[in-house]
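Several structures are given next for inspection.
In what comes next, subunit A is part of two complexes: it sits with subunit B in the first one and with subunit C in the second one.
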Partner chain A sequence: MTGLLAMFRRLEGPQTAGRGPAFWGLFALVLAAALAYPQFSDGYTVGNTVYFFVWVFIALSLCLIWGYGGSLSFGQTAFFGIAGYGYGILTINFGSAYGFTLVALVAAVAIAALFAVLLGYFMFFGRIAGVFLGIVTLAVTLMLERFMAQTAGPEWHIGTARLNGFNGMSAMPPLTIPWPGEPIVLFADVGLYYLVLGLLVFVYLALRILMNSSFGNVIVAIRENPERAEMLGYDIRKYQLITFVIGAALAGLSGVLYTVWGQYITPSSMGMTAAALPLIWVAVGGRSDLTSTVIGTLVVLAAFQALTIYGSQYALVFMGVLLVLTVLIAPNGLVLGVMNWLGRIATRLTQRAG
Partner chain B sequence: MSLLELRKLNKHFGGLHVTNSVDLTLHAGEIHCLIGPNGAGKSTLFRLILGEHHPGSGDIVFAGENITALKSFARIHRGLSVKFQVPGVFKGLSVRQNLEIALQSRHRGRELEAEIGRLLAFLGLESEQAQIAGNLSHGQKQWLEIGMAVSLKPRLLLLDEPTAGMSPEETHMTGEMVQRLNADGMTVLAIEHDMAFVRQVAHRVTVLHLGQVFAQGSIDEIVADERVAAIYLGQAHA
Partner chain C sequence: MDIATHVFSALYQFGDAFAFLVLSACGLAVIFGMMGVINLAHGEFIMCGAYVTAATVHAGLPLPLGILVGTLVSALVGVVVELAVIRHLYDRPLDTIVATWGLSLIATQGTLIMVGSTMAGVGTPFGSFQVGDYSYSIYRIVLFCAALGVLAALYALFNWTRFGVLARATIQVPHMAAALGVDTRLIYSLTFACGAGLAGLAGGLYAPTMTLVPTMGATFIMEAFVTVVIGGADVFLGTAPAGGVLAVVKSVMTSWQGQLFGQIGLLVAVIIVVRVLPKGISGFVLRERT
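Let's turn to the complex of A and B:
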């Protein structure tokens, strides 16, 4: 009981912006609006919102590894792809009966995490850090993309699942919950929306607790000064590896949800553009804060999509401009800058009242 | 009884022989100062003891155990702790969080809060606890890092130029702090250029020159040694 209480107290702390009744009141309000929203919208729009939500997990993975941990990883899309393809291969082979799609979701995320254990072990225990970590992870991502792109021939299949080269894999079953009478199929509208929203809230709160715990302390300590952290007795490579694996699992979750959302996955989801976009969302939002990352990602994605209507070249230019502006005006992130500013105003108001 | 024994430690950086067959024994309970000209290899010797560098040959024995092959963090678990030459605090985090990170593996919950409070008082940093460590003065950063190193309750505390950039009063206070820790049973190995500090605290002094142990003895013996004056103290006092 006290343990549970201590855990909830970790929802707030020095590693996460937002505290106090004002913040959590707003949080509850936003959550209530998100829960009610499908009742006032149509299936297509709700499905589109799910698409936005799906990307937040990979953004959070980058926030964790890069923003908190200080290691810039270009490899998140690799885990995204591995888990996406993993889900496709598993469900195309074994179908969706008996809740197997849910098993496949967990298994696909686990495969991505396992891959991260191998890659991470090689990198962190081989003392690859800084720029080199970025280079190695990017190389792995692009290699995977190249590899998947050349699997067009019929000889490339795992069981009954054709890999299909650049065209990608499609027609995997959507998530299906076994139910007496009729199983509930979560198509990319209201059904999937509530599942993804639930996962999002859970992951967000869990990461808040994790980052404000003693584990989170060590992670930011390693970002600030790895030598000092080790000289306080922390096996920093172990902590970096665990963070990397958690990040990979989150990126993998994004990949699986993306795959069930559109019922397809292609090698370009692991390409250069795909690897760069999450970096922009996270940098613009505020890489060292979970809330800023979530808000930043959703806002940038929505703006990007709105601009794409006028042509995707404008949207890409907009992203570039946004990144430059961020670096110039608020290097720690635009959303985080605004949140800190609001926080200062709130303190001043409460001080005046008190 | 010896707490730390360095046996014929050799370290090369390319063609540079930074530590040349260094033999050094620290007795449990002593305050030992390591002095010598710039570039003598003092900080490198610390990094060898801590496992950040690995010696080309030679052994490091701590409390009877050969730790030459141990990883750094494991050496810390055995009872070593260090304050680096360049202050190594967590610059972007608050003073309080710096101390919390140092203390959290030994204390939890209310006990942790109490320990942080005690350490803040010990360091005289209570009113700075919410500040970002990067904004502290140089001397305060030094103290914060000493505090973090001390909080591990090490058997051997390594201090690399603990008083650099401090005023004479601050230097004296740091000396008293070191003596207090030593009275509680901590063995201390300190690299220092400030001879007033060395005179204040050292039980024994070792002079390192060109990577070799050049002289060893009490502070009076060292100061009286003309060879030491020629290579080091002469210039320091000039």
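Let's turn to the complex of A and C:
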């Protein structure tokens, strides 16, 4: 009981912005609004919101590895794709009866995490750091894309699942929860919305606890100064590997949910552009904090979609400009800047009141 | 089929792979070696060189002149990019990666909007010759010679000219060079332009051999990155031998299992090399700089 209490106390701490009743009141308000939202909206818009939420997981994974851990990984989309394809292959082969889709979800995320263990072992125990980490992960991602894109022929299949080359896999069953009477099929509207929202809140809170625990403090210490952390007796390779694997699992979760959402996955979800987008959301949001990453991702995604509607071809140019400007002008992220500013105002007000 | 033709075929494929690796990597290696900056827009500089070369050739100029124009235009674009973006980020190496990635997005999509999804290519010059049962393109031999020529020219530039001396001084101890009156900012600008120009040269040289699409840079960058990761900062002690080793891996894997496995072989080679040489050449340079 005290252990549980101590864990909840870690929801606030030095590594995450936002504390006190004001923050949690706001959090509860936003959560309540998110819970009530499908009642006031149509199925299509709700499905679209699910699409936004799906991307938040990969953004959080990048926030963890890059923002907190200080290792820039371009490989998140690789884990995204591996898990997405994993889910497709498993469910097309074994169907969706007896709640197997949920097993496939967990298994696909585990495959992505396993791949991260392998890759991460070579990188972190080979002491690759800084820009080289980025390049190696990027090379792996591009390689995977090229590999999947050339699997068009009928000889490329796993079980009954054809890989279908550049067109990608489709028609995998949606998530299904076994239920006495009739199983509940989660199509990309209200049903999936609540599942994804629940997962999102869980992951967000769990990451807050993780980052404020001693593990999180060590991760941040390694980002600030790897040599010093090592001199203090921490095996930084192990910590970095664990962070990398957690991040990969989150990116994998994102991939599975994406596959479930649209019931397709293509190699281009691992391409250069796909790899750049999470980076933009996280950089613009503010990579060193979970809350700003979530807000930034949702805002930039919404803006990107609006832009795509009005001038589809210019949207990517705009994203590129946004990224360059953010790096030049607000390296810590725009949303985080605004959040800190609001925080300062709030403290000033409370001080004046008290 | 006697042994001689087999040997020639293997050598030809090795030369082809070597030329591709060295030409696509040396621009990246110069910029990285000098400034510790990884230029993720490298592929787009290559694309720029290829497009300008093709446009010049379509305008009626001969191919060598077109390649020269492509190189110069890329170098100019490099100067502009350095002044506008890179210059402000020298103390933040990770952010330069992110910023250059943004630039690459802008360049790829911008080209798509302005020029369209494809551009009319340039015919491969010189034709081909026959050895044994196979015919080989003469232009590939020219590319191999060009790769050797570029390495030689870079060696001459960095060892025998005043710019080279100043540049090497700037790499070793930047503030000492500055204290001795070297305009290090100018040196950085020129180096970046040199790297961008080399990328443009690679693009121009390969323009006659491939389809010109806005995403063509992506075909080069993996090979370029892999070569630079293994080779490290020094163009002569790093890029050239790394190009040699990787060319063997690539040509053997390619002739055994096909193009894709050639690339997978490269990737596996890199991951293993980096693991086996724990401190490696990699990471060393950045630690030197910071």
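By definition in this document, the second predicted complex is superposed on the first by the 353 of 354 C-alpha atoms of A that agree within 3 Å, B and C clash if a C-alpha of one lies under 4 Å from a C-alpha of the other, contacts with A are read in each partner's own complex, and residues count from 1 in each chain.
Quick note on the criterion: a residue touches a chain if its C-beta (ideal position, glycine included) is under 8 Å from a C-beta of that chain, and two chains touch if they have at least 3 such contacts.
Remember, it's a predicted structure, so these values are computed and weren't measured experimentally.
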Query raised in the report: Of subunit B and subunit C, which one contacts the greater number of residues in subunit A?
Result: C
Query raised in the report: Is A:Val324 in contact with subunit B, with subunit C, with both, or with neither (first, second, both, neither)?
Result: second
Requested in this report: Based on the superposed arrangement, let me know which partner A:Pro14 touches: subunit B (first), subunit C (second), both, or neither?
Outcome: first
Report task. Pick one for A:Asp42: touches subunit B only (first), subunit C only (second), both, or neither. Result -> neither
Query - Residues of subunit A contacting subunit B in one complex and subunit C in the other - result: none
**Report entry** Interfacial residue positions of subunit B with respect to subunit A in the complex
**Finding:** 50, 52, 71-73, 76-77, 81-82, 84, 88-94, 97, 100-102, 104-105, 109, 145, 148-149, 152
**Report entry** Residue numbers on subunit A that touch subunit C, as the complex places them
**Finding:** 72, 119, 122-123, 125-132, 134-136, 138-140, 142-143, 146-147, 150, 272-273, 276, 279-280, 283, 313-314, 316-317, 319-324, 327-328, 331
**Report entry** Of all residues in subunit A, those that touch subunit B in their complex
**Finding:** 6, 14, 214, 217-218, 220-221, 223-225, 227-236
Query - Residues of subunit C that touch subunit A when the two form their complex - result: 36, 38, 85, 88-89, 92-95, 97-99, 101-106, 108-110, 112-113, 215, 218, 221-222, 225-226, 228-229, 260, 263-264, 267, 270-272, 274-275, 278-280, 282-283, 286
